[in-house]
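Before anything else, here's the structure in question.
Read from first to last, the chains carry the letters A, B, C and D; within each, the first residue is number 1.
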Amino acid sequence: MTGIVDARWCEKTFEQVKNWGRWGADDERGALNYITEKKRAAAAALVRDGTAVSCALEFPTQPAADNPHPALHMMVQGGDACTVGGPGLEMTSDFLGVAFHGMAVSHIDALCHVFVNGQMYNGYPGTDVLSVGAQRNSIMAARDGIASRGVLLDLPRLRGVPWLELDTTLTPEDLEAAEEAQGVRVEEGDILLVATGRDARREQHGSWPPVEGMAGLDATCAPWLHERRIAVLGSDGISDALPGRGIEGWSVPIHQFCLVAMGVHLLDNLCLRRLSEACTERGRWEFFLVVAPLRVEGGTGGPVNPVAVL
Amino acid sequence: MTGIVDARWCEKTFEQVKNWGRWGADDERGALNYITEKKRAAAAALVRDGTAVSCALEFPTQPAADNPHPALHMMVQGGDACTVGGPGLEMTSDFLGVAFHGMAVSHIDALCHVFVNGQMYNGYPGTDVLSVGAQRNSIMAARDGIASRGVLLDLPRLRGVPWLELDTTLTPEDLEAAEEAQGVRVEEGDILLVATGRDARREQHGSWPPVEGMAGLDATCAPWLHERRIAVLGSDGISDALPGRGIEGWSVPIHQFCLVAMGVHLLDNLCLRRLSEACTERGRWEFFLVVAPLRVEGGTGGPVNPVAVL
Amino acid sequence: MTGIVDARWCEKTFEQVKNWGRWGADDERGALNYITEKKRAAAAALVRDGTAVSCALEFPTQPAADNPHPALHMMVQGGDACTVGGPGLEMTSDFLGVAFHGMAVSHIDALCHVFVNGQMYNGYPGTDVLSVGAQRNSIMAARDGIASRGVLLDLPRLRGVPWLELDTTLTPEDLEAAEEAQGVRVEEGDILLVATGRDARREQHGSWPPVEGMAGLDATCAPWLHERRIAVLGSDGISDALPGRGIEGWSVPIHQFCLVAMGVHLLDNLCLRRLSEACTERGRWEFFLVVAPLRVEGGTGGPVNPVAVL
Amino acid sequence: MTGIVDARWCEKTFEQVKNWGRWGADDERGALNYITEKKRAAAAALVRDGTAVSCALEFPTQPAADNPHPALHMMVQGGDACTVGGPGLEMTSDFLGVAFHGMAVSHIDALCHVFVNGQMYNGYPGTDVLSVGAQRNSIMAARDGIASRGVLLDLPRLRGVPWLELDTTLTPEDLEAAEEAQGVRVEEGDILLVATGRDARREQHGSWPPVEGMAGLDATCAPWLHERRIAVLGSDGISDALPGRGIEGWSVPIHQFCLVAMGVHLLDNLCLRRLSEACTERGRWEFFLVVAPLRVEGGTGGPVNPVAVL
C-alpha cells in the first residue's frame, strides 16, 4: 500500500490527510465536526441493556516505570479534623493535581498538544500556545463533551493472545481483520478505540518503561483513519507504536497525523479490559461513548473517565 | 407538612430518610443503586435530536468572592519550548490542580464528604477518612460513571424571573409546582437538577460571597427527595439554601440528609443556563445525563463536566 | 532634586542607574557583586549578642484581601496513617506549594521577574524566560545564599507612628532622615530593609487590597539607591509605593529600576516588626543578614525566611 | 561499647538518650535549646574570609531512582506572556511545589516527622499530627532560623576515598577518628554535618534506589550524639545507614533516636561536596551555618538551602 515509509512519505502523507480549512479557517474542533447531532442520536440508540463501563485507569498517584511524575492526591481536611471549619458541620475535602500527559493517566490530547514544523491543526502557529495557556486549539473544543458511537477493535482477541507483544506494530490490514472478525465497521464520526492488551500485560508483569516499546498503530494507518473519517482515536497505549520506525522528525507519527493534520483528538492510556469483556459477552463492539473533559480554558487536554453505555 | 423545624425535627427526619442497610451492610453506593441498568437504558432512549450540553462551569483559576482557593492551571511546556523533550517532536503540556469542594468548581461530592455525629452513610465512622484518603464511601462508588435520566426543575422559569433572590428557600411545594408547570415528574433513579439562576445573576452582578446567601432547598425538602428516590441531586448552587435556618448542628441540612442519611451524591456549582435554554426550546425537561468523575481511590469527590444529551 | 517626574524622567533615570555590563556581558548576579567576601566577613563581625530574628511572615495558606492565590500546605500522611509505609516506622509528611510572587508571601524576586521594553538586567531578552524556566537571570544567581550587612530603616519609628498611611510615598530625603535619626549609613553591598509598619497595620485592621495603596519608595529614590550601591532592597511592603505616580509604562518603578537597570534583587512582603523591636532595644540598626533561596534552576525567585543575627 | 544491638538495646538506648522534659513539659524545640545566643555569637565569630557555601542540592524536578515524586516547578507567566496582567508592566512568575521528605530534596525534618510507639518528642501523641497540620512539634520550632556553629566530619576524606561504599555503617569510633584527623571536636549546640560522598558517587554513577543502600550512621552512634549534645544532625545521605541492621521496629534508628528521643532536628540529602572542598582548602572544619526553613504552621519540616559562612 505504501512503498517506502520514510520522512518524505510522512511529509506527503501529512499533506494528504490534512483537514485544514475543511471546516473553515477559524475551526478549532477538527474531526469532532464529524459528530453531528444525528450521529450522536444514532449512537445513543445503540444502548441496549444499559450497562455502563468506564474506560479509565485509576488516578495514578504512585510512581511506576511508566509514571515518573505521579499525580497528586492529598487530603485538605480528613476525618480527624472534620470540624476544622467550625462546629456544626463535619466535613472532609481533598486536592487533586496532575500533569496528565505521558504514559500513566487516562487522558485526552487537545489539538494544541503537538505541532509539526511549528504549526498546529488548521495552520495556527505553535507560538499561540503561551505560557499562560493555549490561545488556539485548546480542550475547550470539547467543552460540551464528546459523545458518539464508540467502536472497539480488540487486537489481542483477534490474535488469540492476552496481549500484543511490545514490538507489535499494527497496520491497516490488522484493523480491517479485526473489523471483519468482530463484524463491525468503523465509520464517520466514530470514536475508535484500539485495544492492545496493555492492561493485562501490566497486571501480569507490572509496568514497564515505555522506551522498551508499546504496541500501537504504524504510521501507515494514518490514511486509513483519514478515509474512515473517525472523530477521535483512543487506545490502552498511546495509539502510536513505540519506538516507531525511527524516522527523523516523526517519532510519534499517529499523534502528528491525527492531532495536527486531521484534527483528531486522542485518548491515551485508557483501560479497555473491562470494555473488552463487556463487548465479548454481548458479541457487540459498538456502544454509546461519552468523554467529558473539564472545561479548562487554554488547556492542552485533560484527565478523563470515558464511559461506554452498552 | 412539617410543623416546627428545629434540631429535634432534623434528628427525627435524619432517621426517617436514612437508607443505611437498605443495600446491604457493606454498601458504599447509596442511592446510586436506584440507577438500574434498565433505568439507564430507558434514560438513553430519551435522546431525540442528539444535542449535547455541558452542565459545568469553566475551570475557575481566577480568584473571586466565591473562589478563595482558585484552581491551578499551569503550563509544563509551552509553544516557546515545544522541543524541550528533544528534537523531532514538538509538544506542549500542562498541569491542573484543584481543591474542588467549595463554591466555585463544578464538582461531585462523594458520600465521605460529610458526616453527622461522626458517622458517614451506612454507618461507617468518619475516622475512616484518613489523611491518606477515605477508606470507605470514596468517589470510587461512581467509578463507572453515573448515567441516568436527568430532570431539570427550573425555578426561575417557574417564577418568571432571571434568577432567584439570595434569600430564596425552596420547599417541596415549589418543586412540585415546577414539575407541574414543566410537565415532568421526578422518579426513582433520576438525577435531579435544580436551577436557581445563579449563572445569570453572576453574569449580571459578578460573584458574591456565599455568606450573603444562595438560593437552594429548604431542609423540609429532604423527605420529598427521599420519597422520590432520586439517585443524585445537583444544582447551580450547592443545593442547600444559604445561610439556612440557623439550626445548631445543621448548617447545610440538604448535604447532611442527602450524603449521610440517604446516600445521595451531590453535584455542586453546576452551570445550568445552557441546559435550561436547550430544555425550554424543546419543551422537554428530561434527558440522558452522564457524569464521569475521575477514578480517585480514597477521593472525596471530584471536578466533573456533566453532559446532558437531549 | 528631580524636576518633573514623568515617563521621560523614568527613561532617563533608567539609563542613568543602569549597571548593564558593569560586571561583564555575561553577568547574571547584578548588584550581588557588591557583596564581596570581605564585605560578608565584616558583616558577620557585626554580631554581638547572637540573637536571631526572622524577617518572614508565616506561610500564607489562607485567602485574604492581599492573598488571592493562597499557598498550599497539605499533609501527605498524617498521624492517623503514620504506618502507611509499612510496619516498623511511624512517619508523617506534607506538601508545600506556592506561586510566591504577589503581596502575601515573603519572597525574593530574581532578576528575571521584571522586564522593561522586553529586556531584563544586563540586556538579556525577556523571551529568555521560557515556559520551562528562565534561561537567564534566574534565582540561581543567589544559589549560595545572600549574606551581608543588613540595615533597617524604620520609617514609622522616625515619624513616631505605628505605621505609615497607605498613601505614603518615601523620598530620598526620608531615607536620609531615617539614617540620621538611627545613626546608620547605607553603604555598598548592604541589604537595605525599609520598614513601613505594614505588619502593625494588618494586625490592627486586617489585610487590605493592595489597590487601596501601600506605603513605599517613590521613583525618585532610584538614583539614591544606585549611588549607595546597595546589593538588595527589601520591605514589609513591596518597596514600591502603590498605586505610584500613574506614569504610563512605569507602574512599579522601583521594581523596574532595581531589578532591570541596577540588577538589585528585591525582598517583598517581609515581616519587619520583630526586627524593628530587636534593633530598637539595642539602638543598633545594622546586623548580619542571611537570605537563602532554594536552588531552583530557571526560577524567578523563591519564598524565603531571611534571618538577621544581631 | 554496646554488646548486642537488638530491639531490646534500641529500647534501652531510646530511654537513655531521651531529652523529654529536659526543657520543660511544653517544649517543642528540643536540642535547638542547646543553641544559646552566646553559642550563636561565638559561631558568627568563626567567620574569617567571608566565603559563603550552599549545602543544598538543586531543587529536584526530574524523576530519578531516588526521586520518585519529583518536585514541581512551573511557570505561571513566562516571557512570551509577560504583559498578561495589563499593559505597562512586564512580569514573569512561577510556582514551586514539593513533598520534600524522601531521598531527593535537601530538607529539614521537624520533630513531628517521626514517632516511636505513637509518641513524638517530649511525649506528645502522634495523633496531634492532624490531616490539617501538626498541632505540636511543627517546624515552627525553627521559625527564627537555626544559626550556630557547623562542623563537617568528612568520612571519605578520612578514608582517602571519593565516597563511602553503599554498605558503609559509621560508628562512634569513625566519627572520633574524623575529629582527630581534622583537628576539630563536636560540641554542645553544634550542627553536625557528616559527609559520605554521596554527591561524588551520584555524579559518577548516577542516582541509585535507596534500597540498594546508603552510607550513614549506625544505631550505636546515638549515645555519642547525645553525649556531645549536638543541636542538629545533617548528612548528604539521610544520616541513617541504609538498609540498617534490620531490627524490627527500628528501620531508621538515627531518625528515631534523634527526632523522637533527643529532639534533634535532621538535615537530609544535603550537598556537601562544595563545603568539603572549601574546608579542605582552609584546613578548617568549623564555620557559621544558617538554616532558614519557611515558617509553615503545622509543617513537618521544609526544603532548605543551608548556607555556611567560613
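Note that a contact is a pair of C-beta atoms (placed from the backbone, for glycine too) under 8 Å apart; a residue touches a chain by one contact, two chains touch by 3 or more.
Remember, it's a predicted structure, so these values are computed and weren't measured experimentally.
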Open item on the list: Interface check for copies chain C and chain D. Shared numbers divided by all numbers used: above half gives same, below half gives different; which is it?
Closed with: same
TODO: Sort out for me whether A-C or B-C is joined by the greater number of C-beta contact pairs.
DONE: B-C
Task: chain A-chain C separation of Cα centroids, rounded to whole Å - done: 46
TODO: Using mean C-alpha positions as chain centres, tell me how far chain C is from chain D in Å, no decimals.
DONE: 28
Task: Euclidean distance of C-alpha centroids - chain B vs chain C, Å - done: 45
TODO: Would you please write down the residue numbers of chain D that are in contact with two or more other chains?
DONE: 72, 75-76, 78-80, 95, 97, 127, 130-132
- [ ] Have a look at which chains touch which and call the overall pattern line, ring, star, complete or other.
- [x] complete
Open item on the list: Under the definition above, what is the set of chain B residues touching chain D in their complex?
Closed with: 72, 74-76, 78-80, 95, 130-131
Task: Touching residues (chain side chain D, partner chain A) in the complex - done: 63, 68-70, 75-81, 84, 97, 127, 130-132
TODO: Quick one: which bits of chain A touch chain B in the complex? Just the residue numbers, please.
DONE: 36-45, 47-54, 56-59, 61, 72-73, 75-76, 78-80, 82, 87-102, 112-118, 125-134, 143-145, 147, 248-252, 288, 290-307, 309
